[in-house]
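Look for chain A in each of the two complexes below; its partner is chain B in the first and chain C in the second.
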Partner chain A sequence: MSPDLFAFARRGAVFALLAALLVGFSLAEPAFLGLANFMSVLQSVSVVAILASGVTVSMAVGGFDLSVGAVAASTVMVSAYAMVVWKLGAAATVALALAFGLGVGLVNAALIVVVGVPDLLATLAINFLLTGLQLIPTAGRSIAAGLILPSGETAKGAFDPAFLSLGRARVGGVAPVPVLMMLAVGVLVFVLTERTRIGRLLFAIGGNEIAARLAGARVERLKTLAYLISGGLAALGGVIVAARVGRGDISSGASLLLDSVAASLIGFAVLAARRPNVLGSIVGAIFVGVLLNGLTMLNVPYYTQDFVKGAVLVGALGLTYGLGRRRA
Partner chain B sequence: MNSQRWALQARGVARRFDSTVALDGLDFELGEGEIVGLMGANGAGKSTFVNILAGALNPDAGELTLDGRPYEPADPAAALRAGVVALHQSTDRIGAPELSVAEVLLLDRFADGRSGFFVSPRTIRAQARRILAACGFDLPLDTPLGEIGAAGRQLVAIARALAAQARVLILDEPTASLSAAESERLFALLERLAARGLAILYISHRTQDLRRLCHRVVVLRGGRAAYEEARPVDFDRALEAMIGRPLSGAHPQARRVEGPPVLDVAKLRLRKSAPPLDLAVRAGEVVAVTGPLGAGKSRLLLTLFGVHPILSGEVCLDGRPWRPRDPADAIAQGVHMAGDDRRRTAFTPADWPGGTIAAAIALPHLKRWFPDGFLNRQVERSHAEEAIRRLGIRARGPDARLDTLSGGNQQKVVLARWQAVTPRVMLLDEPFQGVDVGARAEIAAAIRAQTEVATLIATSDAEEALEVADSIYHLDAEGLRPLRAEAA
Partner chain C sequence: MSRLRLSGVFAALLSTTAFAAAPAPFDKPGVKIALVSYISAGDFFQAYQSGAEAQAKKLGIDLRVFPGKQDATEEREQIEQAVNLGVKAIVIDHGLPESLKDVAQKALDAGVKVIAFDVNLDNAKIPQVEQSDHLLAKLALEQAIKDNGESFKVGYVYVAGFAPLDRRDEVWTEFKKKYPGIQEIARFGAVNATTAASVADQAKAVLRAHPEITVIFAPYDEFARGAKLALGELGLADKVKVYSADVSTADIREITEAGSPWVATVATNPAVVGAVSVRAAALAAAGADPGHDIVVEPVLLTQKALKESGVTTVEELSAKLPAFGKSSAATAAWIPE
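Our next item is the complex of A and B:
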């Protein structure tokens, strides 16, 4: 193959595979192609895609936010606790949940920027901390109406229906709210990272921190911004999970971290970007969603899902770093 | 050198990149025990040739022999095994900054298993000391690589190459960050090595180094050997062959600049124990500071740019006290600085956003050029096009990636970044690093053309200082003292 053709094939590889999956699955199972199923796929990946967008921003500054899974999971608990125990309404609960995520982002940033802990270690430690912290207020129980608190009292609140609609409603009866939120987050973060000077500076820091500083970038502030964004988006993901599940389930965030990291890394292969990019992360999340949905329809057992995700990730990384990386 | 055995021979070596011909049938030979200087303008094919010799690139055509046998290294490791060691300009590839000097010196032995499975700090130190003693270098063995400075790293790289039993040693601009005394020690060492039979290919733009060291000089132009002469080399002819036109000759006239100083430094101490410095730079004046490495040339510039605090003394900018909090503050108030080692201090990776000429120039000016926050590629491009025209940057266009440019053109991009908005004070640290004579003249002219700017340059090369500056100072442990241009 000529170099140009090769490069073109590499840029479009993920899209081509996605198209092949769509064609293959719809031939094998006609129900796959319907709008309803399409929306269901998007709904199933929306939380992962939103988290992956945040991870992507943290990668742009040369970091890696590994706390997003625990932030989303503990936001589920925070939201449920706020409504069930404190009897807050939907708006107050969402505000509290997002503030929680931003707060964790701030703690991450403080550890990284002020204390000087390496990104991976700081966010991994916070991930651990939050995974444990979310169990403490309810002594390890899931939160639903009628929860019996450690003090022996019974909680009197319940999930606000308006809150539940964030996860369950469909706009115009077609598009689920989480899907619209995913699209909005995708567009906003894409514009921020790829089209604004803030985004250029974020990538400059990730590419060469010394050069960015010598070019006048306020490195500490921008890194803090990046972790605020990833923390806030993780909390938004947690709100969606809480609204969909309708209870504060202690195990709700189990696979979110690895799924969103995988989506961000698959994103490296999209358009052969070989760098964190939001479009790629969302396409990566959708790619995995389509694959799992199709396989499920074809009665491939549920327990093979993690294997499939892992295989896709290995393939995408091989595509990104291996093929076509010729000498010189 | 008649009955000489060739250590390395190249016949008709050709290599092209897309539509660009980098090497066009190059014939070249390097004798055993011979030191050959390789000259060439940026883009003449030097780097391509070195990369082919070092196994990092494959030639499209031609053949190479090493000691008379075909030499076709599949990769840099194969070249190393064959005994061809290339040391690159940038020293960032020789080891991680956290490793100690001793560990870096022994990396090859760790890697190939010669060191045994268990290594104690004592044996590491002892072996490393032996390697250094063999080269006659004096380096702190326990200091992390990141803290010994570019010159130290350069020496570490050379020592390591020698320890690897090199047959052919390729040095690319090795004295760029060395002081005169360190360079002389390096030359003496290279001569000893050549006497032992090592073949040395020495790439440099510095004619005084080539004159001092090389038995023979080969000039590349357009991917071919355009000129070749054994000692004594007529360097004016060599340089003319290199740039393809007659030399313009004289150094620029030192200008007498009147007016109040823009930058006024009084009793500034760079370190607690350092002597106080006094220096004034006026608008339209170019002042160069030369001196040995480690004397504080870079630190002086970085202090004025807000990276290091002003420990004591008084600095005034346009008559007002100058104490920048950080580079952002300095830039906002019209003090610009281009650091040395552009890859470390200026460029982001070429395959990331910001890896094009236009984006590299725009980086410090984003707030000014895009006040509403949204990038406008057209604005960036027009600034880049202006710079490409003004500085004669050879590139496909404003969107060309930085890694497609030759060293001199990259250095022009760095200058273009800081000239894109006219500052009050321009601080330039080694602005001619890895730049050939032709590009050097163009860069010097562009620096001198900024007549409303006070320019302060740090360079370890007195020749460069003479070519660009109106007045020259020498900085060493004793302090700063003016040099007459004629005396330097």
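Our next item is the complex of A and C:
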């Protein structure tokens, strides 16, 4: 195979596979092809795609934000607490939730940039901290209307319907709000990382931090920006989960970390990028979503789903790193 | 006289043909029904699922099982997926009402019938299958009073928000009012992929902090498993007794183990409840009304009785105790049992 054709095949591999999946599943189960099902699939991956975008940005600077799952889960609790206990409205709650995510991003950045803790370790530690912290204000109980607080009194607020519509409404009766948010986030982060100078600097830092510093990049500030973005996006994901679940459930968001990291890694294979990229992460998330949805429609046992996710990840990484080595 | 006899013969003929001819859409096999569960792990749900699958097979139903894996957003999406798949009815097995009410209504609007098991969706059009949770808690607590008198200190395992646990909790609250000597010293509990292990860790902490506890009321078998594990590890198995709800083959073994602190449970056969749920879904899909509240009655199983009867599995228990092994809820002439 000539090098050009090879390169073309590598670049288009994920898209070709995605098309093959869509065709295959539609033939096997006609119900798969409906617009409603398509929107369903996109909606089911929207939170993972948003979190994966954040992880991608943190990977661009050579770091790795392992706290995104815990930030999303904590944001669910923060939103629920704000509405049920403090009786805040939808707008105030969303603002508070995003501020919380940005705050955690700042703490991550402080640990990494100021104290000097390696990225992976700092964010992992924050992950554990948040997982525990979210349980303390309510003494481990889930937050729903009528919650009995540790002080003994009953919380009198409830989830604001405007807030719930963030996760449940469909624009024009068709497009779910979370899907539109995923697309908006994807476009914004894509433009930031691929089309602006700041994006190039972020990747420069990821490639060689010392060289970037010597070339004049404000490494500390850019790294802080990366973690702020990651934390903020994770909080946005948490808001969507809270809006969908309608309750401050302490077990929501358990699988978000692994799923978003997997999507980001599958993104390495998309368009043969071999580096963190937002388009790839979102396509990766959608790929896994389509695969699992199709398999479910075909009545493949649910307990094989994690195996399938893992196989896809191994395949994508093999494709990315294995094929590339034979470059002429 | 002869006319009466003729009509008698007619009726007999009709009933036999009615048994053979199922109403649409069940006259052809392959009707799709979805079972969407919130909790996938644990004996109860596995037994429930196998009972549902067995009943579905007898009716020629293609039962699609969606596991929630304890994730509320997954459960929502699976209900939407089931509607997209074109199922005639959905059985929703546990879950968080706040995240399910609107999706269930959407399913109803799309013409799909919905049956709820142990989750209160507050909807007049959604029949609820339940295990008479009030009776489950009542019989367990009455046995506790028989064994321990009217004054003892209790560690209570409970997680708010699950309809069956909430119903059992109502009975517990009434009991405490009725018997002021029964004091709840500590309350703990967790529901996740490893419920028993998490509850065991919590129980160990609670028991160390409150050595005066003599009874643990754990109205769910995974909770009781966790409590028993903790008592074994702390060496308190002879000082504290565990009372629970639900039963499974593994539970029977743990109850009848030598020196086990798990002295009583009140239960229905989860497989029977699963079968009843599918029957109710089939009735609803066929256009019949299964009624709004479908109850499966539980029986009390004490450690003593189980040991004496030598029963080791749920199947043997069903065979020995007909009240446990069968339910007459949600039946019709055309539904094979």
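Simple rule for what comes next: the second predicted complex is superposed on the first by the 325 of 328 C-alpha atoms of A that agree within 3 Å, B and C clash if a C-alpha of one lies under 4 Å from a C-alpha of the other, contacts with A are read in each partner's own complex, and residues count from 1 in each chain.
Throughout what follows, a residue touches a chain if its C-beta (ideal position, glycine included) is under 8 Å from a C-beta of that chain, and two chains touch if they have at least 3 such contacts.
Every value quoted in this text rests on a predicted model; they were computed, and no experiment measured them.
When both complexes are superposed on chain A, chain B and chain C sit side by side without a clash.
Of the two partner chains, neither chain B nor chain C is touched by A:Asp259. Applying the stated contact rule after C-alpha superposition, one finds that A:Asp119 touches neither chain B nor chain C.
Contacts of A:Asp65 after superposition on the shared chain: neither chain B nor chain C is touched. By the touch criterion defined above, A:Asp160 lies against neither chain B nor chain C after alignment on the C-alpha atoms of chain A.
Within the superposed three-chain model, A:Arg197 lies in touch with chain B and out of touch with chain C [touch as defined at top]. In the superposed pair of complexes, A:Val245 makes contact with chain C only, with no contact to chain B.
Taken over all C-alpha pairs, chain B and chain C come no nearer than 36 Å in the superposed arrangement. Comparing which residues of chain A touch chain B with which touch chain C, the overlap is empty.
The touching residues of chain A, when paired with chain C in their complex, are 29, 31, 34, 36-37, 40, 43-44, 47, 140-142, 144, 159, 168, 241, 244-247, 249, 251-252, 254-255, 293, 296-297, 299, 302-303.
The touching residues of chain B, counted against chain A in their complex, run 17, 51, 56-58, 75, 305, 307, 326-328, 330-332, 337, 339, 344-349, 351-355, 359, 362-364, 366-367, 370, 373-375, 417. Note for the complex: chain A touches chain B at residues 194-201, 203-204, 206-208, 210-218, 274-275, 327-328. Put simply, chain C touches chain A in their complex at residues 40, 62, 64-67, 69-73, 76-78, 80-81, 84-86, 96, 98-99, 102, 159-161, 190-193.
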